[in-house]
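Structures are listed in the sections that come next.
Shared between the two complexes below is chain A, which pairs with chain B and chain C, respectively.
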Partner chain A sequence: MRRFDYARTSRAGEAVDLVAGEPTGAFVAGGTDLLNLMKDGAEAPDLVVDINDLPLSDVEVVGEAARERLRIGALARLADVAAHPRVSRELPVLTEALLATASPQVRNMATVGGNLMQRTRCWYFRDPDFACNKRAPGSGCPAQEGQNRWHAILGGSDHCIAVHPSDLAVALRALDATVHTLGPGGRRAIAIGDFHREPGAAPERETALRHGELITAVEVPLPRRGTRSGYLKVRDRATFEFAVVSAAAVLRMDGRTVRDIALAFGGIATRPWRSAAAEDALRGRRLTDDTVAAAGRALVAGARPRTHNAFKVELVQRALHEVLGALGDDR
Partner chain B sequence: MSEEEQNTPAAAGPARRSVLKAGGATAAVAVAAGPAAAGGAGGPTALPRAVADITLRVNGAEHPLSVEARVTLLDALRERLGLTGAKKGCDRGECGACTVLVDGRRVKSCTTLAVMQEGREVTTVEGLARGDELHPVQEAFVRRDAFQCGFCTPGQIVSAVACVQEGHGGSRDEIREWMSGNLCRCGCYPNIVDAVRDAAEAEEARR
Partner chain C sequence: MSQLIGRPVARVEARAKVTGAARYAADAQVAGAAHGFLALSTVARGVITGIDVRAARAVPGVLAVLTHETMPRLRAPDASTGYFKGFVPLQDDVIHHAGQPVALVVAETLEQAKEAAGLVRATYDAEPPRVVMADAMDEAYVPPPGFDGPNDLTRGDVDEGWAEAEASVDVTCTTVMQHHNAMEPSVTLAAWDGDRLTVHESTQGVTGTQQSLAHAFDVPTADVRVISPYVGGAFGAKTTWPHALLTAAAARHVGRPVKLVLSRAQSYTSHGHRPETHQRVRLGARRDGRLTVAEHVTTEQMSRTEEAVYSPNAGTRVHYAIPHLRSVQRLVRLDLPTGIFARSPETTTLHALECALDELSLAVGMDPVELRLRNAATEHPETGEPVNWHQARCLNRGAELFGWADRDPTPRSMRDGGLLVGWGVASASHVAGGIPGGGGARATLSADGTALVQCGTQDIGTGTYTALSQVSADRLGMPLTSIRFELGDSDLPSAPVSAGSATLQATVPSVAAACGAARDTVVRLAVDDPESPLHGRDPERIATAEGHLFVRDDPERRDSYAAVVGRHGSPVVVHGQPGNTTALRSTGAVFVEVTVHPRLGTVRVRRVVGVFDAGRILNHRTTRSQAIGGIIWSIGIALTEHTLVDAASGRVVTPNLSGYLVPVNADVPDMVVEFVDEPDPASPALGARGFGETPSTGASAAIANAVHHATGRRVRDLPLGLDRLL
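Then we have the complex of A and B:
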């Protein structure tokens, strides 16, 4: 790890000022990704600002009765959010995604804000000996023609096909979460769908955040009664591994008809992937093998598989079938 | 000796120019620095610095220490305090050999900085026994022969102590899932699961 300066503050505004004032400044919370990036040489901040003293760890219900929201402080640890009674009872997709994340030790350290800001596990990005448009803009993308089993089939470009690795972010996309931030220009709220960016021609820009902008909280609308949800993570081993593909589903039925549905996917795309086309194929219809298969086809209609990841096209459709089946539909 | 430790505090140069600039911009609100200032919520700011004077509280004892900011908790424990129970396996948070408790919760000491532990209570495998009396989880590991080469064992034991305390020792499947952050290259998993199950049953009987 290269030398850096360390600062610690209990005031959010000061943390923002410190990082904003240093071009390579970085916030550290859990440290579970940042320290690895620094050891690998994929990031080399001159200033690291410890935000663990900021009062941003609470998980609470806010808003009036009919429009209650769960407000998750950015510093809430993944383990604590997963175990929160309102989360496990009303947002199973969130608890399941969190408990499928990393290991118990990492879940005790890692925070909600940090999880959204973690970098891709693309091995070319993590190894500074390789070219990478994300790490060194304009240097090239060896994944396009290289070892790309782990890479994206959706949302990629000729500049980058790295997968966003978060499970939490996939669940949050299906739940229509909002990310709250404090930056040099003040506070703002960003819809989760606008938070992570597709790489396009600028893969080094991964989120809507400006330099020095700090996530303060994530808000999730609490679902209406009768809403079912779940998360399926398909991995190369039983646990403690990133998703090859994953699927988050939030479902509300009207009798045997799908009244509303939200579907988001991980492991297949450059950012947490929401598929309106797959949702449209199911809304207002019954859940049958045929309608779910049609939704799966709509999901992968624009897929661009590479040499080693074409299997994901089929696998993610099966994951969709599986996660909807597990939600207890009446097929 | 780790890369970090080769740079002694005495040899540490001044903060980089760009950082001094950043520090200067915020000096008006940064009222104090040093170990006392780095404390808990609501406390004042620790100014940007590459070397910090901190106090690490480990196994009930306080250790004043001058460390570079880039020194991990694991390196500080092993290289500065001589507590070599926690092991450096992957140094990437993947193998679990470095597992310690911070404020009673299991963490991987290789992916957190020593300077971030100011004001926290660290427990390593050396802090589990009371004199000659082993911790029940240590006893269970001995009785079940839950190790071969022993390199991963301190991390396994500390992780198992937390696993039992969390109430995740209820079945062999549950133990496998909740001990998945600790790898064993010798493949002693069946006996490790037995040991954790024994310790969990003993804990259930005590409750």
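Then we have the complex of A and C:
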């Protein structure tokens, strides 16, 4: 195994300085992804900074009464967030996405910050003997013509069609979350929609984070009374598996009319995918088979399927029907 | 026979396994052992033009980096020893498949060996590989007669069969490459003492591995000892494979014991796999459902270097009464590793047959259970002997337990809430036994009243230790706790490979014989011993139970094994001779309920009933466990398992349990399992037949048939994922 240095600190500033000072430095929290990547040789940091001692595990409600926000520490474990009473009561989409993630053992270790930073499951990325533009820029993308049943139909490029694997990030995208960070240049807040990047010509750049920048918390506005939400995950076995397709919906009705709606999707795109076009097709309208079908068509209008993943174009539209059917049951 | 036979006693080694006391091959402690790690080819076809090992050699702790240029020359062992690879790697520069070893690194620690293996740089003159079977179907050929006779055979007159047929189906189906994924990966720990070799190996055949190694190194078989007391699953992957030979050669080269454990990823190319198949099944029947003809053409993927066909069509040939039959077994050569045993070659072929029968039941308008009952064989289609399996009883009892009578035969007719519900049935059927070289056994009775019973077989997780301990205790008349059973060592009386559901039939006769003869010997010692309360009694009227010997109609007049052997002054040692083992067949019927999400296509198995006939059941707990395990494999075959190969490189892209989906607990419903449990008079194993592979047949077809019933969609290609049902 490759040698690497290990450091552990209880001060966020020191953790940032350590990683920022080492070009291949990496933070480790739950270790549920990084350690596998290191064993497989897909990542090879010279320095691993253990941040488990940082005081970033709290889940709390902040802000004044009308604009309450849930502030989730970056080191909060997925299992703890899912079980938080305000989350399970007011944010079903978040709880459902978390409980659909991995296995109970993984959820007990994996953290919210780490989950947003996890790398794609693309097997060409994870096996260093294959070319991969994400891992080795300029080397090529065998997925374009290869085994691409699990790859993206949206947000891809000729350089990369790897899917972002997170369930949590899809739910956060539908909830308009904000990612709070501490970097060498200080603190900043990044809208979740700006956090993950499409690959374009630089698939090695996956997020808005600069090297050494650390996620400290994720904030989610608590929804207004009457908001419904849900998460649907479609996969090849019953559990402990990444999404083939997933759909998150947050919905507020005005009588039988959609007052506001947020729709985000996983499994189909290179980043957690929000579809304004699909939302526009439903906002101010009733939820009928026809309007939902129109939203589905809008969602996949720009889809570019490859050899083995064309079924996702159909499947994601059906997932949209299904998740809205479960929420808008008065149509 | 005492009440011990059949009793659902817990595994005798259970405590050792759950406490970690059981020493698997990689747990063996051998002083001075170094660690080996393989570097594998990244190309699938070509030659090695150069191999740079300087960086690997420079890693601290590295003792040797052996390549095709430096590895000592080895003979390729014969396939009869269980070495199914047509060549030994690291002997020349030719690459036959991706993942073929190109170097073996030996170092002081595993971490050093692994790091150095990653630094070996091979360059290749590579050609584009051919790994897609559909692109090479016109190259399919019928190999010459092999293991089980001709690969193209006709019984009766096929034309006549078609002339008699009033209904027919013509079904083409495909199955994919799949892997074993035993929990314990393959392990070799090899140590030389002069020209004598001792190997701790995770193997399903200590005798075969011993012979393979003796062949490879050209040493007498007696100079090789293979030890394998515990095996964490084998499933056809643990006969002898190249890593064992290479590790032993490396140990000799560095003059130290060497331990090598295949990584999970390496296990996808370092032993065999279940090959991809393309099958065409044509069935003809009269209107009353009776089959008149079957033609089954099976085409399997094969490597460039072997020619291995192990009777995949056996189920079609013998399970049903089919008067006119043609069976063809073909191969297509591709630049892939050896396609061979993974659980069983009969699994995918019985799947095709049982799905075709479901289609036939619709073609003749008959319930699929009734169709199978009408075609149940009463005499063996190839030998004419009466069959000893009770297929009709399995079908009828299964239908009763499942509630089959309530099934509406119309597809898409059954629902539960928003879900489509489907019920499907299939027969299970698999060869049991018939591997030559039946096991010998030895019983040693000591003055402490215990028996050491030994047989060079293996327990690959099926419960062999327990079943043979029960047989020993039963034959001796001792409590189970007085039996110590040893197996998994080539120094013990030899037994055949644990494969083909052959273990019981190969070992029970000699174990029973050794223990029966040991009992008789002690009885004679007692009646001849003036100090024994049994002195002078008729040995025929002496019974044994719970470690005691007593006069059958005067049980107070008794002696004990401990006392008799103690007075005798030395242990009583008796050998049991290997018996003949014939190929029998274990069968069953599997009923499955699935749900299918009408919009998303997700298939879930919700209920399974399996009724099996494996002759007498020696232990209801371990046999039920095998049934459940086999059905779970079958769920994987039907729904999730798929080794994906990248066509451009010829490399497996799913070499881990994240990419290769085995069913998880949530995919597996509670199951009802029952056995006919009647002794088979043809079995030499107290009426018990081998069973291991039977339950991995049947359920996959029952699932596919249930999906058709639920949806009206006939999916003939596996795995039956949601994308096939949109």
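To be clear about the criterion, the second predicted complex is superposed on the first by the 329 of 331 C-alpha atoms of A that agree within 3 Å, B and C clash if a C-alpha of one lies under 4 Å from a C-alpha of the other, contacts with A are read in each partner's own complex, and residues count from 1 in each chain.
Assume a residue touches a chain if its C-beta (ideal position, glycine included) is under 8 Å from a C-beta of that chain, and two chains touch if they have at least 3 such contacts.
Because the structure is a prediction, the values reported are computed rather than measured.
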| query | Regarding the shared-chain residue A:G41, is it in contact with chain B (first), chain C (second), both, or neither? | reply | second
Counting residues of chain A touched by each of chain B and chain C, the higher count belongs to B
- Query: Which partner does A:P142 contact after superposing on A: first (chain B), second (chain C), both, neither?
  - Reply: second
| message | Contacts for A:E14 in the overlay, against chain B (first) and chain C (second): which applies, first, second, both or neither? | response | first
After the superposition on A, what does A:E322 contact: first (chain B), second (chain C), both or neither? second
*Using the superposition on chain A described above, determine whether A:E64 touches chain B (first), chain C (second), both, or neither.*
neither
Scan A:D53 for contacts with chain B and chain C and give back first, second, both or neither.
first
| Touched partner set for A:T239, first chain B, second chain C, both or neither | both
### Message
So in the superposed three-chain picture, is A:R2 touching just chain B, just chain C, both, or none of them (first/second/both/neither)?
### Response
both
Contacts of chain A common to chain B and chain C in the A-superposed view 1-2, 238-240
In the complex, chain B touches chain A at residues 3-4, 7, 12, 15-16, 18-19, 21-23, 25-26, 29-30, 38, 40-50, 52, 68-70, 72, 91-93, 96, 99, 105-108, 110-113, 115-116, 118, 159, 162-163, 166, 168, 176-181
Given the complex, residues on chain A that touch chain B span 1-11, 14, 17-18, 21-25, 28, 30-32, 35-36, 38-39, 46-48, 50, 52-53, 55, 79, 102-106, 108-109, 238-240
Given the complex, residues on chain A that touch chain C span 1-2, 41, 121, 123-124, 127, 129-130, 142, 145-147, 149, 234-241, 244, 311, 314-315, 318-319, 321-322
Within the complex, chain A is touched by chain C residues 42, 111, 114-115, 118, 599-602, 604, 639-640, 644-649, 651, 653-655, 658-659, 661, 663-664, 666-667, 721-723, 726
